[in-house]
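These are the structures, in structure tokens.
In what comes next, subunit A is part of two complexes: it sits with subunit B in the first one and with subunit C in the second one.
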Partner chain A sequence: MAEKIKISTKKVNVFYGDKKALENINLEIPEKKVTSLIGPSGCGKSTFIRCLNRMNDTIDICRIEGKIIIDNEDIYSKEIDPVLLRAKVGMVFQKPNPFPKSIFENVAYGPRIHGLAKSDDELDELVTQSLVKAGLFQEIKDRIHEPGTSLSGGQQQRLCIARTIAISPQIILMDEPCSALDPIATAVIEELIDELAKNFTIVIVTHSMQQAARVSQQTAFFHMGNLIEVGRTDQIFSTPSQKKTQDYITGKIG
Partner chain B sequence: MTNNLDRVELSLVGRKRSERLFKFYGFLGILIAFLFLITILYSVISQGQKAFFTTFIKVNIFFDSEIIDPQNQRNDEDIRYANFNKIITESLKKKFPENLNKNDSKELSSFISSSEADYLSEFVVKNKDYIGKYKNMWLLASSNIDVIVKNPEMEDLDEEDRLISDKQLGWLNQIRLNKELKKELNKNFFTKADSTEPEQAGIWGSLVGSFLTLLITLILSFPVAVAAGVFLEELAPKNKFTEFLEVNINNLAAVPSIIFGLLGLAIFLNIMHLPRSAPIVGGMVLALMTLPTIIIATRSSLKSVPPSIREAAIGLGATRFQSVVDHVLPLAIPGIMTGTIIGMSRALGESAPLLMIGMVAFIVDVPTTFLDSSTALPVQIYLWKSTAARGFVELTAAGVIVLLVFLILMNGLAVFIRQKFEKKW
Partner chain C sequence: MGFWSFFFIIVFLGLTTQWYGTNKALKLNSNIKEGPKLPSLPSYYGTNAFLWLVISVLLFLIVWVFSKPHILDYILIQNIPKALIDEFGGTPNMLIDIIKATDISNIFPGTNPIIIENALYYNKIDKLSDSIAYSIILFVGLTVSIFSINKISFLFKARQAVEKTNINLLILCSTIAIIATIGIILSLIFEALRFFEKVNFFDFLFGFNWSPQTAIREGQVASDGAFGAIPIFSGTLLITFVAMFVAIPIGLFSAIYLAEYAKPSVRSTFKPILEILAGVPTVVYGFFAAITVGPFLKNFVGEFGFTIASESALAAGGVMGIMIIPFISSLSDDVIRAVPQNLRDGSYAMGATKSETVKKIILPAALPGIMGAVLLAISRAIGETMIVVMAAGIAANLTLNPFESVTTVTVQIVTLLVGDQEFDSAKTLAAFALGITLFFATLFLNIIALRIVQKYREKYD
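== the complex of A and B ==
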């Protein structure tokens, strides 16, 4: 399988103050595929995903060593502007966090600050397209100017996805996007992830191994700040090479 | 198992008792506070409401041409210089046919406020036809008469303890019997500034002074404090220096207000040579005092905005500043507004720093600019309280009522804003 590598990390160490959160992470993430990160709570998978768009910059005590290369550029080098990076690497958070504004304003905010639409018509079109891609448009087309917070949890999360894809990133990071949702809303989001993988590189953190198995092509298992094993998803769940991975997916640790 | 439950039941008695006791103490505390509140309100309102009305006496004024215009020139200047006090006294005398000596007429003339002579002279200048004629007019009673009318229990006092003599009391009763006495809304109180005569003194001058002062305070403190709060909470790096600033701002909020007055005296008056007693200086001093309050309110309401909103904006590629201005600040505005209004109402009730910069002077004119000499509401109350004349007792209480009304209005506005604009997420 000749895959193009979108993101690769080299010897990444992350510290919160004196505490080491991640140690020597070397991971390659293929383009336009879904990579899921699994592992018990506190294993560092969320920390890792937040390094990929430099979200950890907002935490003062967080310090990062090593290299994270996206499209042949080290995103932690001085020439990289984190704001520009985040326009390229979008993020969907654990808890749906729409702005307390209308559905339209939620989606339009990104394009607006980045100047992506030249006219109001273009912006309307962009918002509609994003909502269509996020599979939300049919449900809410009559109330696009109502508050985003009035939607159900699953709809809110899809609104957040629509908001993210409105700025056409190349990579979408998802930090446990379904952990606050019921199974039906989860199924809808998972379908959406399948669809989005045609156009975007997706990295998803999940607690549910079934979800990882369903949506991803590659799976990485983290444990205690270390990357234990990475491989094709079917392979990880059927014939893991590491004892710890085996224990985790069979429920012995975690 | 049963044994265990018995023990739980036994311990329950003690637990329930301490809960009841705690509830009782809480209720007692509220009751005491409520009683004090009622006492204060009762004493202030029962005194103060008297000052909202004032006494008028009906006098059949004879505009004696001999006194007003002996040369028959009808000249405005001459009329203004005429002795209208004499006109009032002579007209009053006609009410009492018995022979009055010189001393009596002096006592009689003190029934009417000294402001009425000017009022009559202006009246005659405008209506020259009345010269040589009679007209029934309601004239403002002097404060001593007004106090006796409002406090009938004082009539029973001995002559030397009473504000008016036995003879004056007799005349007053006769006027009352003739129904030539009425109580009307005290226009002076609501339209005039301070005066040495209680019946001519008003709250308006100090109200305008307070308004001008608070306007300066708001203009200076609000933008600076919000900017400082946003910077410290959202943009500044967390290091030793910002920590030091934070501690000092919190300390500043606890500094006694008179210290700010001393600072204002030293810097604004002695170094910058700004005018004494002026609202602009008062506003600057109160702005210094209000700054830390608004900064703290700004920071705490920024803190209460969930971090997920910031993350959402930053995750979309907004700069830190954009995430604050577009999303965090709008959500924090109700809290900031509430804090600002609370700070402003504190500034409204503040007198100590204003004493230091000379806003405690006796000001007869209503201020019109930020540079005019002026007082403020609480200072005016303090001034009246320390004046000897009996008529100022009611004025003091009435001033307190006006101050309380404005404080309640401002706090009500704060509650309204908080409920109206608070967004749920």
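== the complex of A and C ==
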């Protein structure tokens, strides 16, 4: 493939205490494409995605071996500040988790702590732009100072996306972003993911193979802590090379 | 029949009723080969009969406990010769009290023989009336349990009846708590009203001079009494303020450390140690303040050329603050940990540092709970008695200087009510007026705080 590689992992092992959660993961993620991670529950795909922005640092018993390279830098090397890394690698969670603040304050949170806006006008503009990009602005422009928690589940999730893109990350990690949403809200988010892929590298964990097929260009299949197969999405779903992948996508395991 | 034999018979009757009712229901069910059985499980029929028995017995017992003194007094008065009543000033109440208080197993020589005779008589009717009452109650209990066992039939829904009885019992318990509160307030109000018959309400509430030591007998040297409560309320507020000034920052910051930063091993050591502070009796804090902190402050402040009273507001308030630290830290720790993890994750994922997350996400989300903890602590500080009795002064100085000695509402209530007192002088009644004012002040504080909490609450679920 001629694409530029944004993230590459080399021999990554992850342990929770004594338990090995991921074993020898070697994966390359292309820039400004959507890569989906599929696999049965407990296969390690969420653990993997949380390694990419070092969210696993907040779990005391979690230990990581190997290299994860983003833009030619090993993010686990001593020189990397996880706080700056997370500004570059944003994350959207499974359950929408807007802060208990107004819609405006939710989006303004990141720019404020990173000092991205020099004036109030600039901040207003940044917040508006982020809400527009997340496809939420038209729906909520009259109630931007109401609590973020008053929105519907799908709107909350788009608010979380707006909040993430407000700090202009290069990569957005999405950990089953639609699993708490109804089909209509899911469709809206999937369209949004297509749109976002023009500017961001997106890694999405999903339980739904249909969703992986719809939104992603590359798919990686995880099983029992191992990366079984990775390739172009259409290829994985039509002619998988591994027996386990075949079994999973035809519903024999999972 | 004595109380314990009555008690064990009732327990036996209760167990038998439960067993018999359940058995009867089981038998009814086993006779049915086809078709619908009893509408509830057999054990519910037993429980229903048991509950009826217990409730009726308790009801009658309560009626007896409250009516017994009146009945006995009435019988006793009939027995006392008219001449003796006249000898005791014409009213029998005092005489009845003397007779009841006479210990018949240890009679003082020289006691009036008629009183001894009546004391023996009282003792006799006391035991006899108990026996009669217990027998009647047992009879009632037996009737109720036979009746409720007879009621077991295919038409009777025992489960619904038991559930309903349970709900009513729970309602009764919560009502008792409310009635007790109302009773306390009413008793305070009535005594306070008697005080305000003697002292003008506004003179009390807005007066600047407090010196309640009035003469209680002719010719005693004492002031005429001045009941202006402002100096003691200002003293209470000053000490409370000093206490909060110590307790809020230390308590809150240690809560933040324990909840957000401490490793589990550190936390499991620190938290119990902090909570030991809450277990120290307040009297120990009291002499710590009076004997250690007070003199220390006197020397320390003296070094800088200031003067400080031995019983300064600073010493009492500071030690009170130390006492209150665990309240604030423990409650705040709980509410901080109750903030959902996904909010922290959300903040970290935005590239926020730990301190930014604490400041901007966690503390605002936990604020209502923290406010609650602080309010609880303030009520506790205002009502705290032992530390201030030992370490604060008695003189009612109107000052905002924490180096001076002030007095508090609780200290005044204690000094007014300790020792020989007349219970209808303005001096003692002032204690109740102080009590009710303190009560309303705390109530008002709580209401305001609740409003604030509701208004600024950040909902996270």
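Quick notes on this one:
Just so we're on the same page, the second predicted complex is superposed on the first by the 253 of 254 C-alpha atoms of A that agree within 3 Å, B and C clash if a C-alpha of one lies under 4 Å from a C-alpha of the other, contacts with A are read in each partner's own complex, and residues count from 1 in each chain.
We adopt the following convention: a residue touches a chain if its C-beta (ideal position, glycine included) is under 8 Å from a C-beta of that chain, and two chains touch if they have at least 3 such contacts.
On a predicted model such as this, the values are computed, not experimentally measured, just so you know.
Superimposing the complexes on subunit A yields a three-chain arrangement in which subunit B and subunit C clash.
In the superposition on chain A, A:Y16 makes contact with neither subunit B nor subunit C. By the touch criterion defined above, A:F237 reaches neither subunit B nor subunit C. Applying the stated contact rule after C-alpha superposition, one finds that A:R163 touches each of subunit B and subunit C. Common to the subunit B and subunit C contact sets on subunit A are residues 53, 55, 58, 60, 83-84, 86-87, 90-91, 93, 95, 97-100, 109-110, 113-114, 149, 160, 163-164, 167. For subunit A in complex with subunit B, the touching residues are 53, 55, 58, 60, 83-84, 86-87, 90-91, 93, 95, 97-100, 109-110, 113-114, 149, 160, 163-164, 167.
Across the complex, subunit B meets subunit A through its residues 237-238, 306, 308-320, 322, 326-327, 331, 423-425.
Against subunit C, in their complex, subunit A makes its touches with residues 53, 55, 58, 60, 83-88, 90-91, 93, 95, 97-101, 109-110, 113-114, 147, 149, 160, 163-164, 167.
Within the complex formed with subunit A, the residues of subunit C that make contact are 263-264, 340, 342-353, 356, 360-361, 364-365, 458-461.
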